[in-house]
Amino acid sequence: MAQPQNTAEQSVDQKTIVSMRNVNKWFGQFHVLRDINLSVDKGERIVVCGPSGSGKSTLIRCLNRLEKHQDGDIFVHGIELNNDVKNIDEIRREVGMVFQHFNLFPHLSILENCMLAPIWVRKTPRAEAEEIAMHFLTRVKIPEQASKYPGQLSGGQQQRVAIARALCMQPQLMLFDEPTSALDPEMIKEVLDTMVELADDGMTMICVTHEMGFARRVADRVIFMDEGQIVEQNEPEAFFNNPQSDRTKLFLSQILGH
Amino acid sequence: MTRKIIKAAPKKTTMKKAIPSDIDTQAGYVRIEDAPLLPPPPSEVGVTGWLYKNIFASMSDFGSIPAALKSVFVAVSTLFILYFLITQISGLLDFAIFSAVWSDPEGLKRQACWTVEQGGALPNGWHAACWPFIEAKAKFIFYGAYPNDDLWRVNLTYALGGFMLAWVMIERLPYRKIVGILLLTVYPVMATVLLTGGAFSISTGTIGGATILGLALITIGRLGKAGYVSGAFGDLALVAGVCGWLVILFAAVLAVFAIDFDLEAIDTRDWGGLLITLVVAITGIVASLPLGILLALGRRSEMPVARFLCTVFIEFWRGVPLITVLFMASVMLPLFMPEGVNFDMLLRALIGVTLFSAAYMAEVVRGGLQAIDKGQYEGADAVGLSYWQSMRLIILPQALTHVIPGIVNTFIGLFKDTALVSIVGIFDLLGAAQSTLADAAWSTPVQGLTGYLVVAVIFFVFCFGMSRYSMFMERKLNRSHKS
Amino acid sequence: MFGRDRSLTSLLNDTFIRGILFQALIAIGLLLSINWLADNTLSNLANQGKTLGFDFLTRTAGFQISPTLGTWMLDYKVGKSTYTDVYLIGIINTFIVALLGILAATVIGFTVGIMRLSDNLVFRWFSSFYVEVVRNVPLLLQLFFWYFAVLRAMPSKREKLELVEGVAGLNITGLYLPAPIVSDGFVYSFLSLIGAVAITFLVRRYALKRQAETGQILPMFWIGLGIIIILPVLVHYLNGSPLDWSLPEFKDTGPKLRQGYQSGAGMVLVPEMLAVWLALSLYTAAFIAEIVRAGILAVSRGQTEAAYALGVRPNITLRLVVIPQALRVIIPPLTSQYLNLTKNSSLAVAIAYPELVSVFAGTALNQVGKEVEMIFMMMMVYLTFSLMTAAFMNWFNSRVKLVER
């Protein structure tokens, strides 16, 4: 996973999907992200963990400009993330996000939820958009719910729809913000299984989660954040079996203890 | 495998697509020393940050033509509004405070507020408040034509009411519930006696008759409870028992009204100003609350007749303007009563206002009842409570706390609506202010503005205060529900 | 519902019988009370020498009514028009001031509501200040403010305050505007407006179809605006502009008593109507602003975030995600406020704008004296408005209810 040390110009279809350098962010006086340096390659699966308030969600939300960073550079898929609206639009097209509380549009059917972005952002004709939507709904294993409304689905089903909705834009990178934290225990598995399949198919993903089993199974790298900084990162085996920092050890003991 | 991060190469890159990939992100990285906690850049905090976020952020998006147009529009509007606010507020302050006439030491009355042109001493073009006018009329605005010797009665009523209300509202004090009940039952009787003078001509026969009727009903109720009356009539007996207690209470009130406390009898036509506004608003709310609760229960009842009647009643009073209700009360109420029953004008208005307010109160309470989880009803049933018991002990206490903000909002509306009684000839705050304008001794060009300004401020203070209280209560209730 | 203390079968019977008995009692009690009230009323009326009846409606009314839309539509003339005309005039005037008030209040209310949520501090302060002041002062007082403080301060009858040179002017007797005079060809201009709206709808259908097939989006807003503006104007001019305006005429020469705005030229909005319109609009707008703010806040932030994360631009997000959800929350209390505005128009009785209450329960009642009938007729009008509004709200709520399990 070592990166060649060069600053030469690279072509657009490079291997690096995300590059964050010396990124700092403040909420008012509170320094929420401190000196973040991160690089993610195509096809990599990253899991970000850490205690609450450590800035993990803020980190990934900066990647699609749901949060603004005040210092440092962020490049997504070769495009610089700054105040330029065109850049932001381009980046959001290539990055999909799944939220903790699903955020499905309750007044639209499942199918319409999935078709909205392709039609209005990629200007896809309706029939094609429907095909794409059904394809991904089948992929998350709920094609039969297409004409139902979000309020009629269980939490696990809703989250899977949210994943399908994001996939309909065929993004290069998927961001997951604690996707299973709001689910009842019996529904966590179905969502995690979907994510595992996605990972096995080669999707680049950055996942903020507490599900360590998932991390072990799928992650190429596990990143531990605390108080706004990246404290430790490593391959899952090394991370879980041989944590180096004291803070990592403390966190792991708390989360794996019970 | 611990490695320290290798410092990144130059921060800025000129080529758009060039991604410096010299960040060493080799797997197996551990931070040795913490990154420094830095202060945020100036655009985030401090005066510049605040200014930017709150004012300039909405004006600085020039990314596209529509956005640029919007930014310019926002900037121009902001300037215009600032200008408008500053001129209006400074104008108001000037009118009310800085240029106003505050005293009339020589007793010139209206001349004290006249310009040289009009025959007074103030410079031409002067246009500000004439406070000596208000000082002279203050008593009229607050009490109406209530005799000066008996003002202590009004003040005592205000003081007592305010004291008890404060007691109920302050969290830490004990016995709040008891004071609350006294406030709703004993206080109105006392206030009526104090304000009107009491000593109504109620024959001992009526009081005696009511007492006997009440005792009889209570006996029936007791028999019903003890099981002597069976089946459906048993419930009737219980209802009769409750009615009996109400009749006894009524008789007691009549008795109190009949006692001669040696107070001067003061006709309600002499009441006026803030006194009338408070009497109408408070009586309206207090009287409409029990009626509203009954209507709300009736509307949710499973008995079709009760539900239909309550719905019709509520929708009728909510569907017509208050002014028509007041007209109806003042004009038609005497027609509805048997001959010879004479109705005090104020009482007619009070009845109209109460019925009107009860319909709105019913909807507010109904909202509260609907918000209560079905499980509460079921739990009460499961424990074996009767309908009225479960209502009294479990459902209504929860529903009423839930709707206190709604009740306060209804009260604010009612308080403002009392201004309408001035149209049917009752001197409330607005009416009293209007009548002071007819006093020629104080006739100045600013007479009207000064008077109306005072009335507006009084209303605003009351209503704004109550709405703040209502929001405070809402936040408190939300917090307690969340935990 | 009355408690359980017996076996199941007798319990059922008892509850049923009790229910019936109770309701029968209520019904009987009600009938008796109504009977008693009616008796009293009839005997009291008889003592005053009055009878119940609606025949007064055909009698001629002998009093003047201010020039308003109602008098113009029904061509009111003292001594010729009947009390039925008076009743209808009252309804028309109520309706017109309510309609104008609703339009103005909606526009102002939505603007102020959105301003309250703005990033801009000045906007937020101003709108909060406006809402708090207007909501906490009685409407009657605000009406007096506009009528006595503002409109009475206008120039006197013999002078004017020009708003637009020669076209619109203001003085103490009212707001003078040009009156439209339509000649024959105007009907085509009007029809072409309707036609333009219809064509816009057709173009929109075509545009949606095209989008469904090819994905390309047409700027419907600008196209529609263009059609609706250009087509009727074109037809109008090609037809010789069959619309004339009678400009208000102002004389400031000649005998003093004849100076001022002349009647017969132009159209006048009397200050009573202006005051009622201003007061009602601004008062109701404050409440609407709060409703709009609550509606927009009710849509969770996550909805916009999800749409942005998908790459949907802010204006489309607003249109497809936020506004549909916000409107669901806004429309029921909004219709309540419209109803309140209509009912509040009755306050005009305090400044003698001839809407229903002031003309029927004020002047006419004094002349005719049939309180029961007339107040009943008045209340029927308001009740009809209320019931229509309630029916609409129920229909709307059932239509847009979010589908849930």
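Quick notes
By letter and in written order, the chains are A, B and C; residue numbering begins at 1 in each of them.
The rule we apply is simple: contacts are C-beta pairs under 8 Å (C-beta built on N, C-alpha and C of every residue); 3 or more make two chains touch, one makes a residue touch a chain.
In this text the structure is predicted, and so the values were computed from the model without any measurement.
Chain centres were defined as the mean of their Cα atoms; on that basis the chain farthest from chain C turns out to be A.
Per-pair counts of C-beta contacts peak for the chains B-C. Inter-chain spacing, taken between the CA centroids of chain B and chain C, is 26 Å.
Averaging C-alpha coordinates per chain places the centre of chain A 50 Å away from that of chain B.
Mean C-alpha positions place chain A and chain C at a centre distance of 51 Å.
Taken together, the chain C residues at the contact with chain A in this complex read 211-217, 300, 302-303, 305-313, 316, 320-321, 324-325, 328, 400, 402-405.
Chain C makes touch with chain B in their complex at residues 1-4, 14, 17-19, 21-23, 25-27, 30, 37, 40-41, 43-45, 47, 118-123, 125-126, 129, 132-133, 135-141, 144-145, 148-149, 343-344, 346-347, 349-350, 357, 361, 365, 371-372, 375, 378-379, 382-383, 385-387, 390.
Of all residues in chain A, only 64-66, 89, 92-93, 95-97, 99, 101, 103-107, 116-117, 119-129, 148-149, 151-152, 162, 165-166, 169 touch chain C in the complex they form. Against chain B, the residues of chain A that register as touching in their complex are 1-12, 14, 16, 19, 21-22, 24, 26, 28-29, 31, 34-35, 37-39, 70-73, 75, 78-80, 83-85, 220-221, 227-235, 238, 244-245. Put simply, chain B touches chain A in their complex at residues 1-2, 5, 8-11, 13, 15-31, 34-41, 43-45, 63-64.
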